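Below, each structure is written out as structure tokens.
You will see two complexes here that share subunit A, one where it goes with subunit B and one where it goes with subunit C.
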Partner chain A sequence: MATRLQFENNCEVGVFSKLTNKYCLVAIGGSESFYSVFESELAGVIPVVKTSIAGTRIVGRMCAGNKNGLLLPHTTTDQELQHIRNCLPDEVVVQRVEERLSALGNCVACNDHVALTHPDLDRETEELIADVLGVEVFRQTIAGNILVGSYCVFSNRGGLVHPHTSIEDLDELSTLLQVPLVAGTVNRGSEVIAGGMTVNDWTAFCGSDTTATELSVIESVFKLREAQPTAIVDEMRRSLIDTYV
Partner chain B sequence: MALNPSDQASTGMFFPTQTPGTVLCCTCGVVMAPNPANMCVKCLRSRVDITEGLPRQAVVNFCPDCSSYLQPPNKWLRFNLDSQELLHFLVKRLHTRFSRLVTLTHAEFMFTEPHSKRIKIRLRVRREVMNGAILEQPHIVEFVVHDKLCLSCSRLQANPDQWVAAVQLRQHVPHRRTFLFLEQLILRHGAATRAVRIADAPHGLDFFFASRSHAIRFVDFVNSVAPVQYRTDKQLVSHDPKSNVYNYKHTFSVEISPICREDLICLPPKVAHSLGNLGPLVICTKVSNSIVLMDPFTLRVAYLNATQYWSDPFRPLLSSRQLVEYSILDIEPESDIVTVGGSRYQLAYVQVARMSDFSNVFTVKTHLGHLLNVGDNALGYDLFGANPNDMEMDKYKGLVLPDCVLMKKSYEEARARRSGKQRNFKLKRLDTEVEPTGGRKGEDDKRNDEYQKFIEDLEENPELRFNISLYKNDNYEPSEMGSSMADAEEIPSVPVEELVADLEGLDIGDGQDQE
Partner chain C sequence: MAPKKPRRKIEQNEDSMKSKKGDTSVDMYDRLRVMGTQSNKRPMKKRPKPMLTFSSFARCNLFSLPKSCNSSSSSPSTNSFSEKNVNSQKKNSKKVEETESSSDDDYDDDDEEDEVEEETVQVDFEFFDPKPGDFHGVKLLLQRYLDNYQWNLSGFVDLILAQTTVGTVVKSADSEEDADDSDGDKEEADEEELFAVITALNLGRYQDNQCIKELKQYLLGVCKEESTKVKLRQVLEKDARDAGLLVCQRFANCPYQVVLKLYEALFDEISWATEDEPTQVLRDSFRFKHYLVITKILENKGPLLQKAVKRKADWVEPVIYMKQEDEILHEMSSWSFTFELSAEELAPPEFKGYKKLGLVLLIKAEAIAKFLKKLKSLVETL
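Presenting the complex of A and B:
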């Protein structure tokens, strides 16, 4: 289900939060309302962690992660790193990355299997991403923009990209990512998709300016209508039991 | 992203074609091509009205008399309804008020009834909204037309005969040939189109104008076609002491020199010396803005322009009224045909006698050897019988006058045979106010005679016709000419190629049947 909310009267929710299948990071706001919305949706299923990265509140844009790991920029302080490591489940590998492009959330867009990165990312960072996050890495641009992490958002079910993406590009990306993609907007026509929303396999959070049309597009492409958190978790449990046997 | 094929070939790289995708409008969900606002045009337009703050009504002043529109503060411009110039004018009137808000792409008229006093124009305006999306929208402006008499029309209404400048054209000679010729010249060049009124006056014409510059233009025109001198004066009519505005009536007194074509002149000694001792007896062959004098016995030509003439003016000895008819008895050419001053002449000795008095036979030298044959009639000045009373002639000691000076060939007999037949051309006349002749009954006959002589003059001299428009006479029947072909060769007439079709007689109106 998609939820509409605001962070301190600002609709760019994807800037101030990071949502994956295993955990959720939120920024520390003046009031608890932002955190409480996430809590009401996700309590009991996955941990919701209040943190800052490098002393800033733009946690969504500074880090990149999926269910396997989390990558933090080199500007993260030691206390923040420790706090995050403590709060996250043990399976998630938390790693600090020495990279010139420190806003990792703008440079890397990933789900649990594939990642798209900024074309100028270092070779070592790319290997680190492949290692820590357990994904296949592709260097790509979206509609001519190099900040792939800002202009597209995708989960394991579907993805939303910049509205000016051509049909050939859309087909190519869809083949790479192996998920259905749609070009659309968020927050009443804003093209910066990842800044306006954050999504995982069963839920999404969008800025409150998002119109009903945009919301319906998001719900249909990310297949959120029939998704229930328990269904995903049950699936995971079933696979786990398989291995035991 | 995609390069055009020429660039592709040069770099050797392959770029696939890019087809733009479609997104849903974020407000209404309709499928559309992406744009900077990512909203469909209808949603954008309903959200943002770019014509907000633009004027929808404006006022324009119109003078019904001269159908011109006011450009404030006090300039009146003439436009036809539904013309491009009117559109430009109206758009310019609005331009200042909305140029800082929007840009104008297109403008056109919308239909309004001609008598409704409303003019509607449809403009397309363009402005940038939101995140760089450019929106274009039509905008209708209605102009209310207020009637207001412009200053010149109101002055005209108050006093229709009001003139501001007058040109008094005068020539102190007993005949009016010059004015008949000038009238045709003026008609051809349209120099008197701005005249409010034209009136006949003794020895000349008066032209009245509504502004001084029109009068000056007319005076310049006359200056270029006749040797004139003029002076100008003004009279104060009214005076506004608060704004220091003075209204005057200007008058130009223009005097044309009394020397005309075919005049016989005895030059004063000073003038003769200054022209290189030109024989004191000369004839005037042509008058335009300079006078051409020719000595008929030596075929020497001299030119006098207006300033030269008026610094030392002289009057003619004999003029064309005093021409007498002679009969040629014998002719003996002396020299070859020469071209002097644009015309052909030939010196010859002739024996002539006056038609009225065949007893006296004179042997004289003449310049018309190329025209005359034995038995012809010629017109010339009779110096044998004349009694010249000229102060200048007395200054010459020992001057021998010839007995006669022949001027031109006479076609009177041939014309008499042709009398009653119409000519193949006609002339237009100026619309003058003729003063009532009262008791002078002979005046009308004299004027008719002069007019006939003028027309005959036109027929005989092609160079006179040069600057005049001759109109085809629709009533002329050339079939009658067939019966008297012999005559046609003798009488000079105007060739048909020189005639102009008279377009004013045609009734060109909007055809009812527009098939």
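Presenting the complex of A and C:
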């Protein structure tokens, strides 16, 4: 299920939060309502951690992670690192990365199996990503943009990319990532997909400006609707009923 | 009067994609070009002659101008926003985000220019009717309109964009860099290029909209003085049909020639709307008796003021207006009140000792003509 929300009148939900299958990071400040929406959806399933990264609230864009690990920029303070390590489950490896490109969230897009990175990322960082996150790393661009982490978002079930991605690129990326991809927008035509939303295998959070069309595209490509009872009934109906008289 | 009306009526029916006041014969919107002669005459290193400005803030601003930014507010005789700018004398277009526009040459020029002489940058600003495509730009400008209060900002922006007869957005005529891009990119660039927005919304006409209800709630919540609160409540509830919310937001350091034209354009459109709107109800909705303005000011934090006043005569102002016209509006207002802002905002370094406050004021519609005159004389001295 996809939920619409705002952070202090700002619809860029993917900037202020980071959602994976094992944990969720949320920015401090803003009103409690932002945090409580995440809590109500995820409480009991995965920990929701309030934190800052490098003293900033843009936690979604500063870090990159999946169920295996979390990579933080070198600007993260020791207290923040300790706090995050304490709150996250033990199986998640939290690692600080010495990388010139410190906005890791903008440079790396990943799910639990594959990662797409900024073409100029250091070789050491690429190896670290492969080790800590347990993924296969590909250097790519999306619709000519090098900030792959900003212009695409994908989970283990599907992905959404920049609206100007060509069909050939879509096919190529889809083969690399092994998930179905769709070119679309979020937040009423915003092309910065990863800034406007955050997603894991069973839920997604989008900015409140997201139109119903965009939301339905998101729900279908990330296969979020299949958990709904109605979808199951439709499937059953198709198999039980042969012809309508 | 007669020749004006038919032209405007036709434009209202036109596709709102076209910029307004196309083939204009109205003086106000003739192409203005301020030539860069100022920089040659007056090297910025010497202190200019004392200027008659309203506050020392304006004087500070004047002295610290690195290059004379010449802007011309042009009436777009170019039809659509995607057409190239006809002005052949245009050297360089200054973008707010300087990422992709400046070539390496420009950066070199910037370094040299401080030593040699100021390079004049010619910028053309274009005025358009609001249209739905401007959503993101206008929303960005209005992000902090009500501080960090959670309200239906998107709905408010939609209201502004729906009112095409009264309201203006300012974009830059910046098509040289976009010439090679595909159509999609051109549109994208235009969306982000919004520099200013001005409009007046009738509080009574839109009183059922959720965003206006939340706005009223916010204002009543932040008003701490009881007597002013009574008057505010009167305007928001009983006299809402005669009250207009004057919204003017622009990027910092917007040239005042543009600001003046913005205000003149708005009040002209309001008076035209009282004649041109299709229904009587709509015509009456633009006969404002008062305008409500929500804005921000910097106020001196207090105890330092006494000492400072003794030492340096007029250097420390009790109140600094971030938008120059606010000072005029405040002087001429029927009533006003200030309120604390909840967001932790650092005052810019030159204004240490000042605190940012919100200001709400009400000004009578009759006072507007005088306001425009004062604004004009202020702009001429800047």
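Brief remarks on what is shown
Please note the rule applied: the second predicted complex is superposed on the first by the 225 of 245 C-alpha atoms of A that agree within 3 Å, B and C clash if a C-alpha of one lies under 4 Å from a C-alpha of the other, contacts with A are read in each partner's own complex, and residues count from 1 in each chain.
Operating definition for what follows: contacts are C-beta pairs under 8 Å (C-beta built on N, C-alpha and C of every residue); 3 or more make two chains touch, one makes a residue touch a chain.
As the structure is a computational prediction, the values presented were derived from the model and not from experiment.
By the touch criterion stated above, A:Ser31 is placed in contact with subunit C alone, subunit B being left untouched. With both structures placed on the common chain, the touch criterion links A:Val217 to subunit B but leaves subunit C unconnected. Residue contacts after overlaying the shared chain place A:Ser208 against subunit C, while subunit B stays out of touching range. Of the two partner chains, both subunit B and subunit C are touched by A:His164. In the superposition on chain A, A:Arg188 contacts both subunit B and subunit C. When the two structures are aligned on the shared chain, A:Asn10 is found in touch with subunit C, with no touch to subunit B. Within the superposed three-chain model, A:Gly144 lies in touch with subunit B and out of touch with subunit C [touch as defined at top]. By the touch criterion stated above, A:Glu80 is placed in contact with neither subunit B nor subunit C. Touch counts on subunit A: comparing subunit C and subunit B, the chain ahead is B.
Common to the subunit B and subunit C interfaces on subunit A are residues 164, 188-191.
The touching residues of subunit C, counted against subunit A in their complex, run 135-136, 143, 148-151, 153-154, 184, 188. Chain contact summary for the complex, subunit B toward subunit A: residues 1, 16-29, 34, 37-39, 130-131. Considering their complex, residues 144, 163-170, 183-185, 188-191, 211-214, 216-217 of subunit A touch subunit B.
Note for the complex: subunit A touches subunit C at residues 6, 8-11, 31, 33, 164, 188-191, 208-209.
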